[in-house]
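Paired with chain B in one complex and with chain C in the other, chain A is shared by the two complexes that follow.
On to the complex of A and B.
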């Protein structure tokens, strides 16, 4: 068994940033475990720009963002083991790692879990109809095109307006495929405003809100989809609105789910709303010494924010291995009016903290308020809140044990 | 090409392959003609994967007899053929006095059929066996079980192949004639001459029967839709939970899989389209609601996939479901074995069906026993067996070594679905999101195929339109 100080799972924007921060803080025994054969995570296939505005003050591509982090990792001599999949976390932070060398056991002083998320699949949203080839999640199609030089099809329909779906609408168009339309179940797009403009509007690709695919056609390869308008509140398809769109490819961009199979096995409590671990303001999970950050904790809108969150988790993990992390009380933080989820889900009451949240609806001139009983711990005014953007608000320390509520008012 | 065999078996599913495997004990030259690109693409791979006890079928029926035999030998078969089988038992849950009477009658019928290990249990015992079940009492069948329907069928087929049976996949039979006592079977561009023809075509059995001149059968399709639930739920369901059965239909049940998932289904909808496997939206909701009256853990968020299967049911003029029919019609063709209506419990009964058909043939043609016959198939290679544990599928922990081994399977199947059924890669909660392209690349590399030539399952199920850029890109 190998003994290590802090083990980071995942070499994407979160894991790499966490490692760099740990090194800056003087932590020397750091090990990054990455299941792919190279670091960078999902950034490797995100060849569009728009990354780095927060972290580097300029718009760069995903691979450039990844290579800046990886260069830093290299310069600092931080060990990153690629081709290494964590398949189990047992008691006392003992990891089982599968790689070309077989299985290895590593005991970690602390773990930062930053393994990202997966895409919601066709099965998960139960689209009715036949099961032909040619139905891909946006990320799978993106990997085929940008990492494997393979074209998934020639005539596509896109279901869901998540950012990767919008990016793929443009990418497929640029490669000569025809993208008929993007359909979104909700009454608002799920992706960033800039992607609607730059990926759809600039290429005259129509976006239909309150629409969904109600049947997939094609015995072997997809031949078309039936699309229906849905009720904006119940999301039930409206009879008589069915329209047939021929296509040879259906791209799904219908949501991301934090990928927590490993943490579930470790006995970490998973939040039913975010799908990630339930953490305190130190990003520590319900299992002491296991921290989580980035898209594995909750889905972020920007890689930059995933990196920043992982840095904060790293700072706390560094304190933890020194025995200096004051975990204290256990005050629940709840999403209230207009808020779909919050991170953290509980705080110790020992100091100020930061809340990340998502709005349920698009609204103008709203205040995000963090309140414990009668006391307002923090607030911030926003001219516009939209579900596709993550909101961050700072809060003063809580006290006592009463629940904290975060609301948009 | 023109081929000459002693016996041509039409249909390479679990029944056709079992027949071929039994016959491979002799010196007969045997071919299996399968219209699909793999042996598990239809009913053999699309079912509840339950090994039945034999209590649900009419006294004296072939279904009862062959099911009881199949159940009894399943433990040994699983050892010999290296496929996963768990004799976990199953419960049929009741609530009313009428349920009680039906279940007691079912037990009596079961014992008359030769089944064993059947008993009524009270609510307390029921909840010890399956903690979360909803019901007052149950019939417990301790010898029922579950198996991996893909590996079960594939290993029977591969073992037949190992013993000299020739498999012709993607060979749909289009005509059969008999000249001078020899059958001439045309499939694809090939022609097969054989003394014997066995019709084990499952959903296509009526079509083949008609080609043989044995007409008049009415076969209806009974389509069952299923939900597949995430592996987090497997530990909550130690055995299949069924409602009280009717005469001809087992009801919507919840079933653990040998790999720890849970399936919900099937409903039973009559269909004349024997190749439409789409699952309608309203059926998904119906399955969830219906099975939730038995077991409370079925939630939409845990559904990772849906699928459906179609059972070929032989019915009489009044639409009543009939027994298995396994016959040689001397008046029409004395060298053709015709199997009609092989539906449930065909999975359980496949090997006894194979033996029965083999005996029928050997009574009439004296094929000699082989000196050497190997009935053993190794267990599939799994994570623990791989030296290099580089993962391709992280949901199911499938290594590259396993994928490469599966690509070089003896039947020569190199579709994505073929790899999936052999390794479990792509069956997990991400549904191939992260490993689709890795497996595609391995198939290209191992088989020397171009991207546009790789198929998901059937010949038109292309997965990529090709490379984006030519040149030196890999």
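On to the complex of A and C.
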């Protein structure tokens, strides 16, 4: 068994940024474990620009953002073991790692879990009909085009308005395919506003809200889809609104969910709303010494934010291995009016903290308020809140044991 | 009055523009100066950057990802895409390499955003 200081799972923008921060703090024994044969995470296939505005002050592509981080890792001599998949985390932070070399057992002083998320697929959304070829998740279609130079099809319909779907609508159009429309079940788009503007509006691709695919046609290969309008509250298809769209490709961009099977096995409590670990303000999970950040904790719109969150987790992990992390009390942080979820889900009461949240609805001129009983711990005014954009608000330290409520008012 | 979503940074500010009776442009809602510059251009001559990929000869991978070094007029997007589709490079390619200089005289270069090593025989 190998004994290591801090082990980071995943070499995406979160994991790599955490490693760099640890090195800056003087932690010398760092090991990154990455399943794929190269680091960079999902950014390797995100060739569009729009990354790095926060971290580097300029708009660069995903591969460039990843290689800046990887270069820094190389320069600092931080060990990144690729082709190494963490398959289990047992008691006392003992990791089981599978690689071409066989199975390795590693004991970590602390773990930062930053293994990203996965795409919801068709099975998760249950469209009746045949199972023909030509139905892809947006991320798979993106990998086909951007990594392997394979065009998914010539005439596409996109279900779901997540960022990957929007980016793919533009990419397919630029490469000469026709994108008929994007259909979104909800009454608001799922992706960033800027992507609606520069990926759909620019190319006159229509976006239909409160619409969904109700049937897939075709035997071997998809030939078309039936689309229906849905009720804005129940999301049930409305009879008589069906419309047929011929297509050879259906791209599903119906959302991302953190992938936490390995943390669950380690006994970490998972938040039912985010699908990620339940963490305190130090990004520590319910199992001491296991931290989580990035898309594995909750889905981020921006790599820059995933990196920044992982740096914060790294700072706390560094304190933890020195026995200096004061975990203190256990005050619950709850999503209240107009808020769909919050991170962290609990705080120690030992100091100020930052709350990340998402709004339930698109609303103008709203205040995000963090309140404990009668006391307002923090607030911020926003001219516009949109569900697709993560919001962060700073808060003063809490005290006592009463629940904290985060609301949009 | 017209509303635009600024696409310069992820804050996605909603910018409202209107013209005063004297014909001056009035801009509201921009969170920063970059947004003001952007909207002034957006009204006159909207510009965009694009990303694509270019065929690599003799490389470990078939393609290399590319982007434009600076935004181009929206009307130039498809003509520039045609140029990108026609281009090819020989491995090795290093991120930052200029693949097409000053493409269609737009002032923007097509640059590689990743690296591709030469294939070992």
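The definition used in the following text is that the second predicted complex is superposed on the first by the 409 of 409 C-alpha atoms of A that agree within 3 Å, B and C clash if a C-alpha of one lies under 4 Å from a C-alpha of the other, contacts with A are read in each partner's own complex, and residues count from 1 in each chain.
Operating definition for what follows: contacts are C-beta pairs under 8 Å (C-beta built on N, C-alpha and C of every residue); 3 or more make two chains touch, one makes a residue touch a chain.
As the structure is a prediction and not an experimental result, all values here were calculated from the model.
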| item | value |
| --- | --- |
| Partner chain in contact with A:208 - chain B first, chain C second, else both or neither | neither |
| Touching partner for A:382 - first (chain B), second (chain C), both, neither | neither |
| Partner chain(s) touched by A:245 [first = chain B, second = chain C, both, neither] | neither |
| Partner chain in contact with A:49 - chain B first, chain C second, else both or neither | second |
| Which superposed partner A:175 touches (first chain B, second chain C, both, neither) | both |
| Contacts of A:133 with chain B and chain C, given as first, second, both or neither | first |
| Touched chain A residues, chain B compared with chain C | B |
| Partner chain in contact with A:35 - chain B first, chain C second, else both or neither | first |
| Touching partner for A:152 - first (chain B), second (chain C), both, neither | first |
| Partner chain in contact with A:264 - chain B first, chain C second, else both or neither | first |
| Shared chain A surface residues [contacts with chain B and with chain C] | 145, 147-149, 175 |
| Residue ranges of chain A touching chain C (in the complex, touch as defined) | 44, 47-50, 53-54, 59-61, 63-64, 67, 145-149, 171, 174-175, 192-194, 196-198, 202, 301-302, 304, 383-384, 386, 389 |
| Chain B contact footprint on chain A (complex, rising order) | 35, 83, 85, 87, 98-103, 118-119, 121-124, 126, 128-134, 136-137, 139-140, 143-145, 147-154, 175, 214-216, 219-221, 248, 259, 261, 264 |
| Interfacial residue positions of chain B with respect to chain A in the complex | 228, 232, 275-281, 284, 300-301, 303-307, 383, 387-391, 394-395, 397, 399, 416, 429-434, 436-437, 440-441, 451, 455-469, 473-474 |
| Chain C - residues contacting chain A, complex | 4-7, 9-10, 12-14, 29, 48-53, 55, 61-63, 65-67, 74, 77-78, 81, 95, 113-115 |
